[in-house]
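There are two complexes below, and they share chain A, which is joined by chain B in the first and by chain C in the second.
Take a look at the complex of A and B:
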């Protein structure tokens, strides 16, 4: 699979926010490749830079954020070098995105049919009538019952699951090559979550869309991912295919995450938690960013953990890790 | 939708009754005696007696209120004490001028205010934003009468004999008169019917009248006379609308659905036009309704400064003369206008926001 040229290459991406408290390094040197048809999961807790990575690829960094370094290559295009007008042609067309809370991500004053049809008029130059017909088609494809009536509905008249289907329909309207889903099921009921994930997998198979799925739910990772990037404090700390990651997690943070999953049937008194907090992005530790919370460091201390920042280094084929304890010879 | 409008109109009825009673009481609470105000300090007791009897001021106040209310319900505001003419007729003559002034000011204020607000929000924290907002703050702090006098002085006096000169007073230049459209078209009007009063009312909207009769000289003259009063009157609402548009749009531009619109690949101009503006206009429309009320009261000052014979000046003069029927008639008319405008604003919400439509 990896032999073919990647669809999307992110190289050394850094997105920083200048705030009063200092520069917040929300994304700091993130690199990965995405291949056709695969699902890359990006995991990490809130504020680790998952969403900002996604928004950087979309070119939608909110102010005062700015991309200070790096390269984002989408097939033949260097996205960061594109003019806004050119970039807009890619957005929602060849790369599209689904957001976390569908009820707030849809415009309350337009019907959902109009909102989907807009994508067709915009990127395919269809007339309004043709666009609405195509919108009806994708609404059927994402499993909306009675789409003819639903087209004229407003977002507030729909359930969260329905609204997320509309978002997916909108994102997949132009059959994009890359789909970025930013916690698409977090705001939904558990039963609806499963349906939405099922739908995404179906559609991915049908359109061969490469997907970046951002989540903090390891259950979703296990179910959906081909490869996984674990992020912590703006950096990728471990990168592996999904089986390796679950069987043989290397980074102390990944291991701690795994231990914090409740296991059904297992005799467990308390869920394990990771002590401490994510360091403030304006004031990161000098050495490894996870060092202050790292439990393994107490057993096998390494002086470099607190003084030198570790690099993301290959520890096996297609498995890399950012930790002195694993890579530091 | 229609049911909602009807329901709202029904709710307005007790409000209007309240307005009638309050204006009736308030007009009579102005210290001073109508007789003395009208006939002079030296009017004898006997003369005043006759005067009071003639206008029914000797009756108990409840009786006066009863008579007044029953008259008003028949569409009769009574006769002015000072002019000895029906108040309705005075309103037909004077109100169009005020409406013209207030509407033009509202249109100018809305267009300029919304445009400035959009510019400020799109260029948030830039020099354009700061300049616009400082300008808006200055605009909102300038008293109407002072701004009016300054405008009259600058354009009427300093620019005299230049092409920038604008007439500082009156509605039309000397020698130009507005011919009512029904006379131009040769309509025969039944004297004193409600319909002919209405047509007369319309024809007193000079700019409208000149437009429908294609009388361009009168049109331009009327417009030129309106420029300064409209500028004076529009400045405050324009500033308020600009600030409201800016803050509302800034709020909306940070919403998730605007991010969705951007993610669809819309250019920023279209994001603002198609997705942000509709949502951002809701609070602005509320302000608009309230501002039109403020415009009617601001018109009182503007009309005085620019020597315009509108309803505002009529009211001020009536208060000095203790001309109760006029005070009541004008106040009630303005209050009704206010109620109707707010009803229209509420109805427009349901047009702008589908979430309200279904309730």
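Take a look at the complex of A and C:
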């Protein structure tokens, strides 16, 4: 593993939402480290806290959410202790983010050139002319054909793939040290997905950016990740490097996820599904959060599954898992 | 070249120019071209352009000075009926196509100059109300919380009164006169703009690009005024256009009651008010200023309607 100091450290992060139905523990005790140049994939189904983790790091928790516990360190900088004004200097400059749907993440009333140039004027204090020149440079870098013309285009005049390239250009404009990509390819069709992922990897190599890639597509994980965090109901349930995770998944949830991928060529009548749904975050099971849906528990029952919450425990070098069935012996 | 290879060549060409739609057209130009395709927008625009022309060149077009008393200058009596040579009036008499008013002045010249006064009133009151209303509404909607609470309750208080009644009260306190009337109308219409802006900002601020702007590290001020507000302008533009009509009507109402423009200023409401007792003996003195008010208000209402259709993407532009 990388012995150097991590760029980003998230320690025991908990982000809760106070709703009428009770407190929703959207993120509950998530910890991880991110090193320079690596890609950490966060996987999980909808509503498991992937996006809220990302927004917590960016300091953009929507109301009524609040960070109740934990620490987010960017190098030596404690992000949670920063004032709004100081945080604004870090955002977009040293930590940047790409959103899911590029067509709604770009402002419809400004040309894309203006929007990219804005990043330069905000963080580097460039004049408008210089900023536009730099914008042209990054547009070229992200592979936009005929950037001189495209600069003056509005977001609605671009295809999804082009718009996502623009978003990436904006995010990478100041060469950030950390890039958070929240399902960057979900809104795109498959051929464009491949191009965008290719582009992201290429840029990551060039700029040495550490990336947190949030996705629910295990194909993308296999393609992009160095390490993977599998999340379920606000918690990390398994943490491993990508090869280990695919060769030797430990947590029942991860295994179930792997089985539910369709395989080309395999004779399958029906895809395997995980029974049940994610428990409501306001009313979580007392024991293991996955227990009600866990298929393996039926084969080898363990009384603790329903009564005691398991901890995330190292089961091998750089491989940890939150399950009584794996760690209880 | 086979059909297949031609097709594939065409296809790859398409990929290269993916997303290219020729010359990008500025948004406002698209909106204008849509506006020009809508009937009510066309008519409203024509009416307003004519009114603007009249207002700009009132001195040149009108045959007399609107303030000039014609006693001793021409053989006319006060409240003389209109005399149009073309329609068979004796050519020996001087032509006054809208007749003579109660102070022996040319009514036509006064109505023409009234355009200038009314348009000025409409534009200044709406600009003032717009400036403050949009600012308060935007701040209120964007920041929410106690700021929102204070501003919106204040606006509710103003909205609690019937607008013309409140305007009368304000003028009564400040004293009659055109400036105080304008101020009063600005104050009573301000809450409308604040409310519409707030509602619009509330919906826009939840969109992804606002979060994206925050991620880029933009300040609240920058996000609100340069990112959110331009996207929230559509309903405000429509409301402001319709608001000009209301402002003109309100100002005419105040002047009619003697609280706005004071004689001898050629203001339509004042002209109506000073001749209201002669409606049966000299109907032309009430008719022409009244028609002028109606046409102006109609023009702005039609334009407002057209703008609403042109700027609302949910309506189908076939």
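Convention: the second predicted complex is superposed on the first by the 327 of 329 C-alpha atoms of A that agree within 3 Å, B and C clash if a C-alpha of one lies under 4 Å from a C-alpha of the other, contacts with A are read in each partner's own complex, and residues count from 1 in each chain.
What we mean here is this: a residue touches a chain if its C-beta (ideal position, glycine included) is under 8 Å from a C-beta of that chain, and two chains touch if they have at least 3 such contacts.
No experiment lies behind these values; they were computed from the predicted model shown.
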Aligned on chain A, chain B and chain C: do they clash or fit? clash
Contacts of A:158 with chain B and chain C, given as first, second, both or neither: second
Tell me which partner touches more residues of chain A in the superposed arrangement, chain B or chain C. C
Where does A:170 make contact in the superposed view: on chain B (first), on chain C (second), on both, or on neither? both
Looking at A:96, would you say it contacts chain B, chain C, both, or neither? Reply first, second, both or neither. both
First (chain B), second (chain C), both or neither: which does A:23 touch? neither
Name the contact category of A:107: first (chain B only), second (chain C only), both, or neither. both
Could you tell me which stretches of chain A are touched by chain B in one complex and by chain C in the other? 58, 60, 85, 88-93, 96-97, 99, 101, 104-111, 118-119, 122-123, 154, 157, 167, 170
Please give the residue numbers of chain B that touch chain A in the complex, ascending. 254-257, 259-268, 274-275, 278-279, 352-355, 358
Under the definition above, what is the set of chain A residues touching chain B in their complex? 58, 60, 62, 84-85, 88-93, 96-97, 99, 101, 104-111, 118-119, 122-123, 154, 156-157, 167, 170
Give every residue of chain C touching chain A within the complex, in rising order. 16-21, 24, 27, 207-209, 211-219, 222, 227, 230-231
Could you please specify the touching residues of chain A with respect to chain C in the complex? 58, 60, 85, 88-93, 96-97, 99-101, 104-111, 118-119, 122-123, 145-146, 149-150, 152-154, 157-159, 161-162, 167, 170-171
